[in-house]
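There are two complexes below, and they share chain A, which is joined by chain B in the first and by chain C in the second.
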Partner chain A sequence: MNKLAAIVLLALCLGLGAALPDASAILRAVDANLTSSSAKSSTRMVIHGKRSSRTVGSINWSQGSQKFFTEYTAPPREKGTKMLKVGSNLWIYSPGTDRTIQISGNMLKQSVMGSDLSYEDFMEETSLAEDYSSTVEGETVYDGRACWILNLTAKKPGKAYYKCKLYVDKTRSVILYELLYAKSGKLLKSVQYSDVARIGTRWYPRYILFKDELKDGRGTEYFVESIAFDISIPPGTFTKASLKK
Partner chain B sequence: MLLKLALRNIIGNGWRSLINVFIIALVLTGLIWMEAMWFSWLRLAKTQQQEWEFAGGILRAKSYDPYDVFSWERAYAPIPLAAQAYIADGGIVPVLISPSVIYPSGRMMNAMVKGIPHSQDLLKLPSADLQSTAGDPIPAIIGTAMAKSAKLEAGDIFTLRVKDSAGAFNAIDLQIARVMDCPVPSLDIGTVWIDLAALQELKQIPGTATTLALRNASLSAVSSSDFKEIPAKEFFADLDQMVKTKASGQSLLFLMLILLAMLAVFDTQALAIFKRRKEIGMLTALGMTKRQIIRLFTMEGALYMAGASMLTAILGFPLFYYFGAKGFSLPAGTEGFGVAGFNEPIKFSYPAPLIVSTLIILFLLTVLVSWLPARKIARMSPTAALKGK
Partner chain C sequence: MLKFLIKGVFRDRHRYFFPLLIVSSGVLIMVFMLALINGYMDSFIRQNSGFETGHLKVVTRAYSELISQKPYDLGLLDIQSDLQRWKQAYPQLDWVERIHFGALLDVPDSQGQTREQGDVIGYGVDLLSSAKERQLMGLDKALAVGKFPAQASEILLSDKAFRRLRLNLGDPVTLIGSDVYGSLAFMRFTVVGTIKFGVEALDRGAVIADLADIRSMLDMEGGAGEILAFFKTGKYDPTAVKRVRDGFNRQFSDPEEEFSPLMLAMSDQNNMGYLMGMMRYLLGIFSLVFICIMGIVLWNSGLMNGIRRYGEFGVRLAVGESKRHIFWTLVLEAMVVGVAGSCIGIILGVLISWYFNIKGLDVSVFNRNSTLMTEDVVYTYVSLRTTLAGFIPGVLSTVLGAMLSGIAVFKRQTSQLFKELEA
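So, the complex of A and B:
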């Protein structure tokens, strides 16, 4: 009887194993959708405060996962503010004071324009397959789409979020829901992705809702109004000199 | 004889002399009061900082620069082996600091989290309340200023988020075990205290500390190459500098009062010389040298000061005694100025060098302003003086 139970259990395990795909292959497919050699996008960030909401518009350029340049276009108060990230360095240029300051140390913990994103979130480099080891926990239906549930654990100790849980669209290889955890297992942030559209050869979410789970509020909405991948970016864009242009 | 004459003249001056003496006494009382306040405040602030932070000496991790926020994330070093035995018997208290973010009532706030052994009794911080019970949130202590700014009370639970030594986020729930009345604002404002072991675990840096408070300076011998001894002069330099700056600001006000008092003496003397020309001529005719007459007028000025000193002793004594016994309470809200010594009444002490130096300065000034108009006498012709010209 015991032998029979063991055989059934083994068969079940093998069956389940056969049904679940390779988690790292899913992550590679997700990376292929998210990462590009270069990109230019126009975005709108709606920050919900306790009393009111405000919209911050920006144009963003990126090259690989190391170089980002953002110019804020709205509201009028923030217009002309620029942010440059090169590797682990982050600079902000404020036209009001005509000063460039480097954001570092404790300042990285501050929120970006009052949103649910901190500067540290901007510093994160995203190659999920490279940075995390993953397992497929199971499958579910999220937002009307069949998804794989993936559990990720950082390979390197320096990753900001040690553990993540991803809901990945089975057919489009796009993350639809992401939960980011502290080392202690406490949920820190959640990110919802929707309005997934076909852009060139890839699927890309055009609406993202960031939510700091430790903070009250409705989170920060992020609308990708337009995005182009693998484009040529003028030389000198990712230099400190371009901040004052 | 000169002294007798000078005394007679002063008494003869009547109300004018009394007003002069009173003004000088007033300024003298104010000066002593102010000097005693700065002295007593500095002494109280140093005592409090010593009891709560410095103890008998302090070793600081070389990687920690209190003035460089960028250094705070990595402001720690392995506790020297030689220090372990002293830590066990309470002779040395390790403190670990880390920048953090706290979430009180769903709000986000930057804070500095500091770890201290719950068993320590070297520093006045009520760390015994930091002892945790399995299953409960980790206990935390905050000061009244922090409680006010974070809107936290004893018993409240909130989340603390730090980055561990590798850079990964770590977060735990803390429960306020106590809101302490801490006289040292740097240990209160923006600061959350938890048990050292809990912070070391959260940061994944066991056996490390940012500072080591020593029971006595001789224990600095346990230092390693990762730590440096901070001399008391360097540790209290900010406090000394601040008191100096504030005191010099106040001095301006008292300098004006001194000037007014001296002006009164000068005016009286100048007027006296003008009014007493006949007397000066008579004295010269009787054989007094001009130098003696100048000395007489200067002595009159010095006697004003002597009278003022006696009046200060009589009138100022109740005031000095009151502030010495009851202390001087600073107005509500001043504890937020970020300086120690503001949370309890400052009990004044009046060290002898302080009083003597104030007396000497004022005495010399009074003598000087009495002598200045008296120099005119040297240029007077005795016959013209006798005629009252």
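So, the complex of A and C:
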């Protein structure tokens, strides 16, 4: 009788194990949706501050996960400010002072335009599968979609977020909800993704709500107004010289 | 009776000289020390109020909760019309607007690339339209090299930071900070002078810039982090300060609104209330110790006098004078000596204090390791209160000493009197 129970239990465990897919396979599918050889997007960020909300517009170019260029288009005070990321270097160009300043050290922890995003967030590599080891915790329904719950732990030290919990849409391989933790286990940031649309061959969220959990406030809404993948980007875009153009 | 006693005291050198010497020198020391402590306290209040707290300060309620962090993003925005109303409501006050901010000072090379960087504490104050801030912050005295900003985009930098960043006067620098909405804010300035405050935290890296420039840099047009108010008399009066603060908060502050203005008294900020209370407490202790020491010394002097006048008391008792009467005449004599000694002490004390009130006393040697914001030269301050605070203990200690030694009169046995006189 005992042997029979043990066999049934083993069978159940194996059955359950078989129901959970490989976490790295899920992450690779997520990466495939998010990354591209190149991209150009037009975005709008609505930052809900303590006193008021303001909208920051930008046009962004990226090449792989190492090169990133942003030009702010609104509000008037920020218009013409540019940001360039190449590898682990980040520069900001201020048209008012005509100076290009490298952002490093503690300055990376500063908020981008007063939003719930930090410069450090921009410095993060976009390949989750490469940067994190992962396990599937289980499944759930989030925002009406069946999701896998993944637990991620940074493979290398120095990552802005040591642990992450992701809710990944089972069928579209898009993250719908993300909780980002420090090594101590403290929740630092939460990110909600929605308005997932089919863009070419990939699924992509066009609305993201970032919430810095260490700050009061209603978070930062990020609207992707348009995005095009695998496009040709003019040479010289990802150089310091382009900041002053 | 009093005239008789006075004559008696001053015709007998032994009766007055030693007690008079002790009382007058004690009162002299007391008056001078009180004047010095008062001067130090005045300097402390002047320096701290001018640089940091004002006699009163207006901030938002949200700002007041994090006031030590100087969160200018929680500061007062579009405040000019409100400020005009406050000025009308409190014509006895002078008002100055300030923004404290932290920033990174970036020094470019000839190519415009970063050559050096350093953290700085910034002060946005009105440098161009009036000289009030120069006086309040003691900038004239603090200016080490160069000149004061005379136009927009000119700044003063702490001398240490200036040398550490290998700058020359006239060099361009860029201040990088966060604007009131949290965006990175950049502004180009020219260093036209350096300052030394003698306070390590400020000398390590302070930037003084014109308020209008900092408003523009931090996107705070018409706003301020803090608004400081000073009594036009220049004197810090705790009672008046509390009255104004309470009236202002009743009239202009809304406890339900986090960005509503809130007035703070100097004593509500930076532990100043505790520090000033401690100083007052020390003054009290000082007076008490003085009375005790002087009392003991004069008691001893009274006892010596009593031994010398042993025979005299015997005769007075023999002719029918009561012990109580002798005791009270001794007390009265002591009071005469106390009053005279205290007057002499006060005159000398006031003269010496007056000298140091004009010349000042260099206390820089005590300030070397101090983090308190105090001036290196302290000017003694004599007031009626100081002189009374010297006079009363002077008289009290003499009377106390006489009363303690006079107890011996009651122990005198008249039955032994003639034997003593025969001997």
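Basically, the second predicted complex is superposed on the first by the 238 of 245 C-alpha atoms of A that agree within 3 Å, B and C clash if a C-alpha of one lies under 4 Å from a C-alpha of the other, contacts with A are read in each partner's own complex, and residues count from 1 in each chain.
As a working rule, a contact is a pair of C-beta atoms (placed from the backbone, for glycine too) under 8 Å apart; a residue touches a chain by one contact, two chains touch by 3 or more.
Everything quoted here is computed from the prediction, not taken from an experiment.
With chain A as the common reference for superposition, the partners chain B and chain C occupy clashing space.
Touch criterion met: A:99 reaches chain C, while chain B stays clear of it.
Shared-chain residue A:110: touches chain B and chain C both.
In the superposition on chain A, A:130 makes contact with neither chain B nor chain C. In the superposition on chain A, contact of A:184 is made with chain B only, not with chain C. Of the two partner chains, neither chain B nor chain C is touched by A:139. When both complexes are overlaid on chain A, the residue A:31 reaches neither chain B nor chain C. Aligning on the C-alpha atoms of chain A brings chain B into conflict with chain C at a single listed stretch, 38-46, out of 2-10, 20-28 or 38-46.
Across the superposed pair, chain B and chain C both touch chain A at residues 107, 110-111.
Residues 104-107, 109-111, 154, 156-162, 182-184, 186, 188, 212, 214-217 of chain A touch chain B in their complex.
Interface residues of chain A, counted against chain C in their complex, comprise 47, 49-51, 54, 77-78, 81, 92, 94, 96-102, 107, 110-111, 113-115.
Residues 62, 73-74, 77, 104, 106, 108, 112-114, 174, 176, 178-179, 181-184, 186-188, 219, 259 of chain C are the ones touching chain A in the complex. Remark: chain B residues 69-73, 99, 101, 103, 105-108, 110, 159, 161, 163-164, 166-173, 202, 204 touch chain A in the complex.
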